[in-house]
Structure formats: structure tokens, C-alpha cells
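Both complexes shown next keep chain A, but they swap its partner, so chain B is in the first and chain C is in the second.
For the complex of A and B:
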């Protein structure tokens, strides 16, 4: 009896610790300590490794504010994130709805799998496979010219739309997944109740279905917006010379220029901006949920 | 009724369009791995040369194995640790719980570019350096929050009375967990595991900053190859990976219903 009582008592941190500790220790070593190290590092003049001389400085942050190229690129990256997220909502939400509410049984399972499967393929190759579709003389160009009576040149490769298309293709399954999970949890009888009480389809959609699936939309949007703002590989491959974004500049500091302190400072500015945006969105989302 | 049917028909058609959008480039990539022209030129001429030359490319094969091993280990570790943490957060009330839940947010919310470069600096500083161990450390940390979020979402649908009932019928904590709670949240655990595998296997950014020559994963190797010029060999290895992972996924689907089916 005493044993059972002890198990039944679920107050305090102590009984939860054995289950919690492994996961949180791992996160500390691999996420939180590195981020702290990076913060420290962004105030240094040079690597404190291999006996190099270093001192504290604000110069890395001053570089961001004194050279407009960095803020211009940051705004371009934020815009890219917003556009890709919107396209993912527009494309992914209806698909999630059809999956959750129209398709039934085996066909639903099969199509859900098909939507999720591209996750398992390599993101890079998916991005590059668009090069074959988009380039001049590529599949899109050839196919359209075979159908259309007049000659057009489709050369989207190395352009802003190419970067958008590639990123939407990469991230839309996230939106379908998160929206599907919340949509299929909505009881059909709620929808029927709304309809039988005289609400139109549109009213049911805007007053019942969308508010109830808001957590899924928000989760999907966050899962997409954040990596897109920090993306550098997709713009590099599909954007070519037009594909210089904030992320590609940070990458350069670490793999090409080897100015790690400046890279750390630029990363931290990006982090601050992302956190501010998420914090601004959070109350709106909580009310919506 | 007729309107409903038309709308449903449109919905189905829309799904077909979405699938076309998702699969067109992938199918194209697979097709090009069987095309003789090294510059992806048409007309199509059948060949399996690219697959043959793949087996000569030791670097690519080594990187592929690294990717698979790291993804599997990441899935195992993060699914177990993540499910444990979800259970603790679900069952127990304690001060600082909100804070611990908020701590899951940074790994998801912070762009991989930032996390990756921070890991590079830290691992370099403490002497772990770059390489497969560093990549594994990073992948598990990235996958953990996804597992916890997905499993916790599933736990929200769990009725705590079921645990109470089992306990009052004499089951101990272990039995309650294994025979009542775990079977219920299994779809969430599986979904979380699949997420973890995908996060690791598809992960390029963090691996890119943490890899060294010889200790890389497939995406990093492919990125290097793309910069040198894309070859049908890459199409070939990608096609193999896609076919294998699809088979794995379909197998999983045969045994478990996932996706939150009740």
C-alpha cells in the first residue's frame, strides 16, 4: 500500500528526474552549451585556439550596423521565409483537409504515406532535381514548348522564383503533416452540428474548422519559417548569383573566410530576430488556439 | 449532396496535383540515373552504367553507410529518451515544468545554421572536434524535441483515468507504463521515431559544419559533388536511397498505424 502511494504521488521534481535527465543532459551538451560558447565567442577578436592572441570587442556587432549589406540581406531572408511559409499554407492546408476529412481508410493511409515519403529522400537532391526541371532546355521548357503553339523560353534557373519553388517543395510536407494531425482530431459531429444549425460551408470552415486546426497551422508555419530564414544551400544551388542571402554570408564566415567571430555575431543577430518574431506571434497564436 | 460530391472530387484531384508537384522532380531524377547522357540530355537512352560506376566510388559508399548508421542510432536514442521525457512531463507536476517545456523550443526554433555553427565552435573548443561523434551528438539533440512534441501530443489524447484504473487493479508502475500507456501512445512514438530518422537522414546543415574529409554523411558528400558539377552517379545513389527508404516506410506502415489514427 505504501509502495502504491509513493507511486501515486506525482508532486515534485524528484520522481520525474530519472525520466527527464537523460534527454535534458543531452540537450545541454549539444545545444545550450554550444549556444553559450557562441555568444561568448561573438565578442572576441580571434579564435582563442592554438595560442592565438585575442581580446574582447564589440567590433563584430559594429560591422553589422555599419555595413548596410548585412541588414539588406537579413530583410531579404525574412521575406523569403514569409513567402515560402505562405505558399506552404496555401498549398498544404487544403491537402491536409482532403486527407483528414474526405479520404477514408486505405486510400487515406496510402496518400498520407506518399506525402510524407519525400521526407525520406535527400533534401539536397530534391533541390537539385529542380534544376533539371527549371533550366532552359529542361523538362518544363521542353514540355511547354511541345504543347504551346508559340515559342517561349522558360529559364527559371538561378532566379528568385526558383529558390521559392525549391523551398516550398522541400517544406510543404511539414504543413500537411501538422495540419492533418489537428484536422483529423476534429470531431465530424462538430462540423455536422454547424451545418445542421444553418451555417454555410464557408462559415463552418472559417468559424469551426480553421480555428480548431490553428495549432497545426502555427506549428507548421514555425517549422517552415525558421529553417527557411537560415537557409543557405537552397539559394546557393537554385539561386546562383541571385541566391545571396543572410544565411550564405554566415556560411562563408565559417567555411570560406574563416572569420568565426564575425560569423558568430551575425548568427546571434539572426537568432535575436527569429526569437523576436516568434515572441510577437506567440500571444496571437495562443488566443487563436 | 451533389455539391458535396463535386467538392470531394475536386479535393481528390487537388491531392493528385500535389503528389505530382512532390514527385515530378524525384521521378525525373530517378529517370535520369538510367539515361546515358552525362549532361541529362534527351532523347532518353537506357543505361545502368551510372549504377555500375557507383560501386567504384568508395567515398560515396562510405558516406552512405555513415548516414544510415547515424540515422538509426539517432532514432533509437532520441525515441527512447524523448518518450521517457514526455511521460515525465505528462505525469508529474513540479516547479519549473513550464521552463523545461520551453527549453524544447530552441532546438526547433533556432535555424540549423546557427545551431550547427555553435556546435562547431563548442565541440572544437572542448576537444570533441569534428567527425561522426560530433554529428551524432548534434543529430540526437535536433531530433529529441520533435520526438517529445509528437509523443506529448499523443499523450494529450490519453485518459489518465486509465492509468488510475490499472493501478487500482494492482498493476505496478512498470506494468502500467508498458501495458496501458505505451500501447496507447505507440502511434505517437512511431511517428516521433520516423520524424527522428527523417531529421537525421535528411540533415545537411549541421552535418556540413561538423564533418571532416573522410567523416562525412551522404548529404555533405553530395553537396561537395554538386559544387564540382552534378553527375548521374548522384542520381543513381539517391534513387537507391529513395527506393530503400520507401520500402522501409511501407513496411512500418504495415505493422503500425501512425499519423494519429484513433
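For the complex of A and C:
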């Protein structure tokens, strides 16, 4: 098999070039060049704009280690990423299971549409609609008070739970989609085989279905964890003062403080940390998959 | 070990009656084949016995205990699936161990049992492999080992040999039969392959459109089919249709065919006769109705198919094509277009009520 593939790729590379070139050209221009520029900035004292003086420095990286606020925020962001990923698993996996194994035909299509609907709406609109729902006197508060016989106050706005809710809402479709794909590939006869051997539904879930859908869970987790750690929009709008995270600090450097070199350096540190985490997790995850 | 009783079981899916009042007694320790074309309900029946699906009405008992509302995991059955359904993420040994380990048996006991089961299917050394590293026949054996290691009361096989090529299938038929005898387990085997049903089973049940058409030992069904469908589905048969005479039937052209086996049909009623192609003698000579009351028909050979050890002649007579199978003993072969005389004994002729 591997041998055949090797022959195939050797023979196939030259005719494949015209097909590969546009994508790689685009990636080079759109990602590699700006990223290189950012890497360059991160070692500068100031931006070389309007004839400002600048020189090379490691100071931007040193700032991360000398001021504990950055590492504190990075840890808070990693925890946020972990929590959001976990909630996405808890909410998204059962939905994916029902989509892949319970629903058939039309109802599956309808539910599927509902799951991917958030993808089609503007992110900012989504977050602001959450703001309307979560604030005191907002939709959730009013609705609950209309139903419940006693008075309660729901004001989740500008809190950590609000940030979690907004982020989970934005990212749960990734988990549903990746898990749906792996769950759908599991033959129903495997589930029946497990039960014919005396395993309860729960045992079949833990011993057969979850291990076989691990690749989807891992792919979903990676797709969610990485952007959530660097997220800034949801924390800023829904979190308010409590919504200060590593991502919002980076954003501040670029749009408020205009300290691009520091912002760039903080970004690369985040990239390095995320890569290290993924590299450390890889052997464990590969064994699980 | 235990027998299985299915009594008056019906199951519908919407307007479609998949099983219609089916009753079968599966004897303890026997090898029973459920035979039928696709859509006949044989797999539905197997799934009722397994417990993947529950009947709308009727009773199912395993070892005398009613199970028709017991979920599959509590029925203590072993099942081999058409596509084997091995867990791709587990080794061969872990696949076989699955049923014992979900019961929470001690590890050491599991290992011993797994090794014994793998030895029984002659895969003793392959416990560490993953399913995708095995051939089709080996996967089949693993599926069998996994199904029997838990010592189920009954073994259910859903077209287990369907995915194998012909030579391997014959090997596996023999192997399956050997293992079944060795552990003496009640086995119910679903197949659409009549040859498989004939060679492997002690009893056969033929299903059609959700109904049991006929059941009994293979020899009995083959020699005394009770319907045209049973006669033509299990083996080949020449069918004559006419009016019953009391000792056979009279065809529309006045020819009488004598039959001494099968149903008793009152004279004058519609009836048919079935004759197996290998029971008919074919000759070129004048009507050699030597053996007293033998049935004799004249016709001509329209086609000959040579199949090595035998030849099949297609003989035309009065708008009907008859099939005759002759062993190749080295005697003269008949040419196409040649006039011939067919003769056979009333003992080989089965009378079937219309």
C-alpha cells in the first residue's frame, strides 16, 4: 500500500503542480508573508512608520516573562479554551450521535441545518444577540420571570459564564460536524455485535462508539481549543471588565495601544504554547484514536 | 444449550408484513437453515430471535423461557454478522474477549477462554493482530470465536459465508459444521444459498413473503416438496400442471403423469407434479416404457450445457421446456435437435396440490 502510494505520488507530482500551485501561491501571499512581517515586527522596538527610530530587540518577548500579568492571562485563556472545548463535547457529541445514528432522511437534514446555521450569520451579530438575551431585563430574564411564579434576577451579562456561553455557541458546530462524520462511519452492526455479546447500551457507548469516534472528538477539540485561546471578540463584548484574556490584550496592542511589536511577540508566544500543547498531547491522542 | 421455539410470530413494518404468523421449533443442538429469497423475512425472523427487534405478536422461547420482550444483551445468544462486524479498534484477542469482559470476568479466566476459542477456530497464534490485517476467512473465524466464547444458548448466523469466494466458502462450511458439532450448540443459519442449506443443516425452513412455506430435514423437503415454490427454490424441478386423476395428473393434451408420492388430491381438482431433473432418463430409442408404469414423454433436445461431471439437456415438448441432468459416464452424447424419449418412475414424481 505505502509502496503503491509512493509510486503514485512520484508519477503524479508533475501533472498535479498546476492544481497545487494556486492554493500554495495564495497561502504564501496571504499567510506566510504577513506572518513573516509579524515575526519581523516582534523583534523591533517600534514600527518603522513615519520615520520613527527603531532597532532590533528581544524586549517584547522579555516583557512576557518579566510581567506576570501576561502569563496569568495566558493561563486564564488556556483554561477558557479547555472549558469551552469541554462544553462543546458535552453538548455537541450527543447531538452528533443523534444526527448520525437516530435520525434518518428529512428530519436529519432539518436538524443538520439548525446546527450549521450559526456559520451563516455574522459573528458580531451573534454575539450582540447574546448580549440582548443575557443582560438584566433582557430576553432570558423577562421570559423566565414571565413563566416562574417567583421573582428571579438573571443578569449574566459581563460575566465569565456569558463569555463561555457565547464561545460555546460559536464553536459547537465544529464539534458536531467532526463527530458526526466519524459516528456516521461506524457501522450499525458493530453496535449490534456489542449488544449481542451482552454489553448494555452504556457499555457499547464507552467501549465501542466513543473509541471509534475519537478521531472526530480530537479534530473537533483541536479546531475549537486553538481559536478560543486566542479569542477576543466574545470576551470583550460579553465579558466586559471580567472579559480580559490573552486574546484581548493582543488585540489592545494592535488597535488601542498601537504597540504592534509587543502584540506580535505575544501572538508568537501564544502560537508556540499552543503548538507545544498539541505536540505533548499528540502521542496520548494518537493512542486513544 | 437450548432449543428455540417460535410460535405465531408476526411483525409488520408499516403496511409491509415482514413476518406473518410464523411458527418453527428449532431443536436443541440442531443446525437449522432459514432459507428464502431476499425479502422473504428470514433475516427479520433471525433478528426477532436475537432480540434486535421485537415481534408485534407471538411467542419466542429460548430453552423454554419466554424472551420475546427481553433485550438482546440479556438473551445470552451468539451472533455472527454478514460483514463480521469485528471491532476495528481492538485486537483479535480483545474482540473475542469483549463478551467476557463486559460481564466483568477476571482477566486470567478471560485470557484462557479466549485462547481456547481461538484454538478452536484455528487462529491460536493471531490474537495480537488487528482485524484489518486478516483475510476474509480469518475474520469470519474470529467472528465465530467471539460469538461462541461466551457460551451462548444459541448461535445465530446471518449469511455468514456470503462475502467469501466459492472455494473458501466450501472450506468454511465444513469448518463451521465441525465446530458446531464439537460444541453441540443450537444453531440457526440464515441463507439464500440452497446448496449451503442442503449441505450444512439438519433441518431447513423455507420462507416466502414472511410465511413459512415448508420445513423439515433437507432430504424430506427435496424429495417431497409441498409446493411448486419449495420444489423450485430448493433444487431444480420440472413442473407439470393439470387435473388430478387420483393416481397422478392429466395434462391438457391428454397425457397422464403418474405420481406415487406427495399430497393426496381429490380427482378433478387442479394439481401439479414435480420431477427432479436428475431422476429423468433420456434416450433416443423408441418409447422404452420398460419399467411397467413409468412415465414417458417424447420431445427433442433444444440445448445441451456441458458442466464437466454432468450435462444438462433442455428438452422441448408441447410448448414446455424440461430439464434433464445426466451424469457424464462416457456414453454417447445427444446432439441438439435430436428427438428423444424421456422416462421416469412415479416414485420420483411428487404430486402437489394447487
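Convention: the second predicted complex is superposed on the first by the 272 of 289 C-alpha atoms of A that agree within 3 Å, B and C clash if a C-alpha of one lies under 4 Å from a C-alpha of the other, contacts with A are read in each partner's own complex, and residues count from 1 in each chain.
Following the convention adopted for this analysis, a contact is a pair of C-beta atoms (placed from the backbone, for glycine too) under 8 Å apart; a residue touches a chain by one contact, two chains touch by 3 or more.
Note that this is a predicted model, so its numbers are computed, not measured.
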- Query: Any idea whether chain B or chain C touches more of chain A?
  - Reply: B
- Considering only the touch criterion stated at the top, classify A:69 as touching first (chain B), second (chain C), both, or neither. neither
- Message: Tell me the contact category for A:196 with respect to chain B and chain C: first, second, both or neither.
- Response: second
- Identify the partner contact of A:257: answer first if only chain B is touched, second if only chain C is, both if each is, neither if none is. neither
- With the two complexes superposed on chain A, say which partner A:58 touches: chain B (first), chain C (second), both, or neither. neither
- Query: Looking at the overlay, what does A:187 touch: chain B (first), chain C (second), both, or neither?
  - Reply: second
- Task: Applying the touch criterion given at the start, work out whether A:222 contacts chain B, chain C, both or neither, answering first, second, both or neither.
- Result: first
- When the two structures are overlaid on chain A, which partner does A:207 contact: first (chain B), second (chain C), both, or neither? second
- Note on the structure: Touching chain C in the complex, chain A uses residues 187, 189-190, 192-200, 203, 207-208, 211-212
- Task: In the complex, go through chain C and note every residue touching chain A.
- Result: 50, 52, 71-74, 76-79, 81-83, 85-89, 98-99, 102-103, 146-147, 150, 156
- Write out the stretch or stretches of chain A touching chain B in their complex. 3-4, 7-8, 10-13, 15-17, 19-20, 22-24, 26-27, 29-35, 37-38, 41, 48-49, 91, 94-95, 97-99, 102-103, 109, 111-126, 128-133, 139, 142, 169, 172-173, 176, 180-181, 184-185, 201, 222-223, 226-227, 229-233, 237, 247, 250-251, 254-255, 260, 263-264, 267-268, 270-271, 274-275, 278
- For chain B, which residues are in contact with chain A within the complex? 7-8, 11-12, 14-15, 18-19, 21-26, 28-29, 32, 40, 42, 77, 81-82, 84-85, 87-89, 91-96, 100, 103-104, 106-115, 117-125, 137-138, 140-141, 144-145, 148, 153, 157, 167, 172-173, 194, 197-198, 201-202, 204-205, 208-209, 218-219, 222-223, 226, 230, 234-235, 238, 241-242, 245-246, 248-250, 253, 257, 259-261
